[in-house]
Amino acid sequence: MDDSTDVQSRQVEHRFKITRVGVTNVKKPIVVDRPTGKRTLNAIIDVYVDLPSDQKGSHMSRNVEVTSDLVDKTVREPVEGLENLAATMCKRLLKRHEYASYSEVDIRSDYFLEKTSPKGKSSLENYQIRAKAEGYRDREINKYIGVTVIGLTTCPCAMEGVREKLRKRYPDIAEELNEIPVITHNQRNKTTLMMEVPPEREVEVNDLIEIVENSLSSSTHEILKREDEAEVVIRAHENPKFVEDVVRDILSNILEKYEDFPDKTHMEVKSESEESIHKHNAMAERVTTFGKLRE
Amino acid sequence: MDDSTDVQSRQVEHRFKITRVGVTNVKKPIVVDRPTGKRTLNAIIDVYVDLPSDQKGSHMSRNVEVTSDLVDKTVREPVEGLENLAATMCKRLLKRHEYASYSEVDIRSDYFLEKTSPKGKSSLENYQIRAKAEGYRDREINKYIGVTVIGLTTCPCAMEGVREKLRKRYPDIAEELNEIPVITHNQRNKTTLMMEVPPEREVEVNDLIEIVENSLSSSTHEILKREDEAEVVIRAHENPKFVEDVVRDILSNILEKYEDFPDKTHMEVKSESEESIHKHNAMAERVTTFGKLRE
Amino acid sequence: MDDSTDVQSRQVEHRFKITRVGVTNVKKPIVVDRPTGKRTLNAIIDVYVDLPSDQKGSHMSRNVEVTSDLVDKTVREPVEGLENLAATMCKRLLKRHEYASYSEVDIRSDYFLEKTSPKGKSSLENYQIRAKAEGYRDREINKYIGVTVIGLTTCPCAMEGVREKLRKRYPDIAEELNEIPVITHNQRNKTTLMMEVPPEREVEVNDLIEIVENSLSSSTHEILKREDEAEVVIRAHENPKFVEDVVRDILSNILEKYEDFPDKTHMEVKSESEESIHKHNAMAERVTTFGKLRE
Amino acid sequence: MDDSTDVQSRQVEHRFKITRVGVTNVKKPIVVDRPTGKRTLNAIIDVYVDLPSDQKGSHMSRNVEVTSDLVDKTVREPVEGLENLAATMCKRLLKRHEYASYSEVDIRSDYFLEKTSPKGKSSLENYQIRAKAEGYRDREINKYIGVTVIGLTTCPCAMEGVREKLRKRYPDIAEELNEIPVITHNQRNKTTLMMEVPPEREVEVNDLIEIVENSLSSSTHEILKREDEAEVVIRAHENPKFVEDVVRDILSNILEKYEDFPDKTHMEVKSESEESIHKHNAMAERVTTFGKLRE
């Protein structure tokens, strides 16, 4: 069958460009080679190109072929970073879709990392990672890498409100109540950090996870025996945080860690707490560039 | 077209009975008439019958017709209880599906109730309600009604672990630390109570919501100004609860409230806490009858 | 308590601006007054403001108060359009958060509309609607309204591939096979249209729903008796569509319907088909302005 | 700290038994050793025990420890079947929770299998697998294994309705229209098969996947070039199926494949089609034992 006679190449009725067209929710195992050893990620992948106004349809099977070819190869040749795999896919997409001027690949996956509790007990903790690349015919590929971390926030505002009340109720220890961490509401928090990886630079997802965990009231741990549990609770209450604080601390830590990254480096941080005293969530977000933050 | 010649009535190759066949995820607004006024619920409805081994297919459009006829009528004649609507639908289904011996209807919906915070501020709180009915040709219909409530639990175990640690760290106020509520982890909790409504009896969902909220460490509130917030936090910490405690308190309160309900009355309670110090959840459940609980 | 001494107003450690901070997932019933009568929508609402670099925390309870005040009022004074409610909320947010320069409100809800099948049978069909507003201190509010519609697409590419094969297999009717609609794969499609509502203009969601449904291979219907079912299947196959076609037809229909809207009017269309022959989805999207489309 | 003095062992206020208490949504990578090679599954695990009426709380951290110990060991010693891992976990749980008489483990995971399209193109297809075990002190462990498969169903009823209409519209080829597959609606279908694995027997998930795929109108494939696509469409339309047919064909195929399994072997099959002409789904289900099916 001649490709030039296919339905995709027929006359277009309404000649509008399509921003993105492709396949979403393709599931694939990807083998990555980390400093800590090879591991298999179960990924969900979206693969797009643009479509000019005079082309009726995009050849979507090519998107899946590019995905299969490059992802299945990782079993024999593991990739070092998901964002590099996404970038390679973007280049190949532009080759296969001769009518496209833009390509985009978005990869999400569960991810596991060995972590240690305050008392030294180690366990495998679960995170989500995400990589993205945007390809152009006439300029360099944009690459992004990101993590989503589940952690713990304790509310600084309620803590002060409670402290006042307790001081009135227990006047004998009013002074001590200013020193000890007092009760407040705390909650499961989900924080996502996504940043651009400039050309010739590298970003290690394990570092991003560490930066996010250090910016929360406390990290969470799958196994906490009694001693450890008390320790985590105390630390979290010595470190009360609004979602705004979490976002700002991450911004600050990222700027410091990647101080030589160019001003145009893009960055997004979003922190959402599943409020325990409300049915709704509290959310703070910053979408920006390194340059704006350095101002 | 003669129904006897339709595809559904053709020869069956593998003559096995089908336990349930029907339509799921039908969305419909339902108007209910509550003591507190008429309200419109946006419901999701599943509608099933069984299918004997010698009938090839079930006439699924009849399920949707029964749903439309009876649900759309509520605009003019609001129903008093969702479980009664489900029961009426079950009867009609058995009439329309002459080959069926069983019918089942399951209705879920968001639900709103005005609630008052400790300091007297009122707000409209969100809940989920669920009604279910199972119809038979040869015996009475089973009806069920249930609620899902988002609330707050504080962990009694971590509270004790923390108290020990704090007493060592602040020996001067060791005695007072036994009296005051100390820090622990607390979390968003989702508790579901589903119970049978015996013939000739009534169960008010608002009562079920109250019973669940009273069995949690605290109810949650959409609006809490600073005073209120501190009050909720203190109450919740004066009332630490395992998910097991939440389930048992509900069982006890239900038994007391509906003390004249027969022994065979079915009941299910499930309480799940989105742990703030872990990435996983904690869950406790009891599936039972009033008779078993009275033993 | 003096607001100036609250935790939110304390010294900020890392002085970065926050793009958006607020509450998400607030559930509320909203009463709207449509030409077809009053109806209650069960909405999910997100409410944000920005936060300057020198303010530690945003007063989130104000977001919920603004929501409660304005939404609960709709019971007595129903709103005409959700985007207008969102805009009013944006104004009030800027009043309550004196430190904010931006506010944003996002409202999603199920929505029902009476529709008629090809053979004239009417049923209540389910849609999702979404309204959004962005408020600024120094310029006009941006308002958006949108719909999500579930419909049916039939694949034009597979239809041609099948036609060729059938012509070879049944050479006696090869000519007729060019005329009749032949088999192809078809699937559930979810299409979202979101557009800006310029100042002094109005957009009726029912019109948006009609435009989307007319751009699909066919609309879907909750009740289809046998005659109707065949009719829908034939129509859908006489009208095969790629997701790219769906997007372009909507763009064309919108441009025509709102021909007097200004060039800067923003618009987004996204069409996603749950492919029946694949486990993944096919998606096409255009994000643009009226001006770009008119070029 | 002495376990006998912990909060979990304190006096119980309302002495009711708890049916299941434990942790849900624990995420872990599991290494399994299949005839086709070792692979890493990213699993979600629920781990429960029961709780007697006189024990206040269950020691939930033991559930996570049992999970970590046995699952993390699979990196060095891969397990052969998930249901055997679940069974080993059940035994260990009863050892660790001396007060429990019941234990339960439920494991779900994505799963990939290489499949071949009609024209011989191979691709890695995605499935879900699930394993479950129920442990008792006084009798053998129950083990279950299951799969969820995404496939394609074409409606036999609409096909006949359409055929009648087309015959009237094209009387010249009325006879041929009885022979060729005609248009109908077809849709993404999700079918789940879960069955008990009797003691001393084995069930291979790849076999279950094959049985389900053979019982659908067609399997789905990630990559289908034009020839293949037409082939899949034609096959699917030569093989129209109600969800009832899918369930019955699976029951029949399972009975034949495992003909020596005992009568009490439990089995559940559920097939749900995302209707392309409706917004709701069609579902059929059978919950039964081999003995009942053999009657």
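Should a chain be cited, it is by its letter among A, B, C and D, assigned in written order, with residues numbered from 1 in that chain.
What we mean here is this: contacts are C-beta pairs under 8 Å (C-beta built on N, C-alpha and C of every residue); 3 or more make two chains touch, one makes a residue touch a chain.
The structure displayed is predicted, hence computed values, not measured ones.
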item	value
Set of chains whose contacts include both subunit D and subunit C	A, B
Centroid-based (C-alpha) most distant chain relative to subunit A	B
For subunit B paired with subunit D, centre-to-centre distance based on mean C-alpha positions, whole Å	26
Computed distance of Cα centres, subunit D from subunit A, in Å	30
Sites on subunit C at which at least two other chains make contact	6, 26-27, 64, 126, 157, 222, 224, 226-227, 278-280
Topology of the chain contact graph, where touching chains are joined (line, ring, star, complete, other)	complete
Parts of subunit D lying in touch with subunit A, wherever the complex brings them together	1, 6, 26-29, 39-42, 61, 64-65, 68, 72, 110, 112, 123-124, 126, 222-227
Of all residues in subunit A, those that touch subunit C in their complex	6-8, 12-14, 16-27, 46, 48, 51, 56-58, 60, 64, 156-157, 160, 242-245, 247-249, 251-252, 272, 278-288, 293
Subunit C - residues contacting subunit D, complex	125-126, 150, 152, 157-158, 161-162, 164-166, 170, 172-173, 176, 179-188, 218, 220-222, 224, 226-227, 229-234, 236-237, 274-280
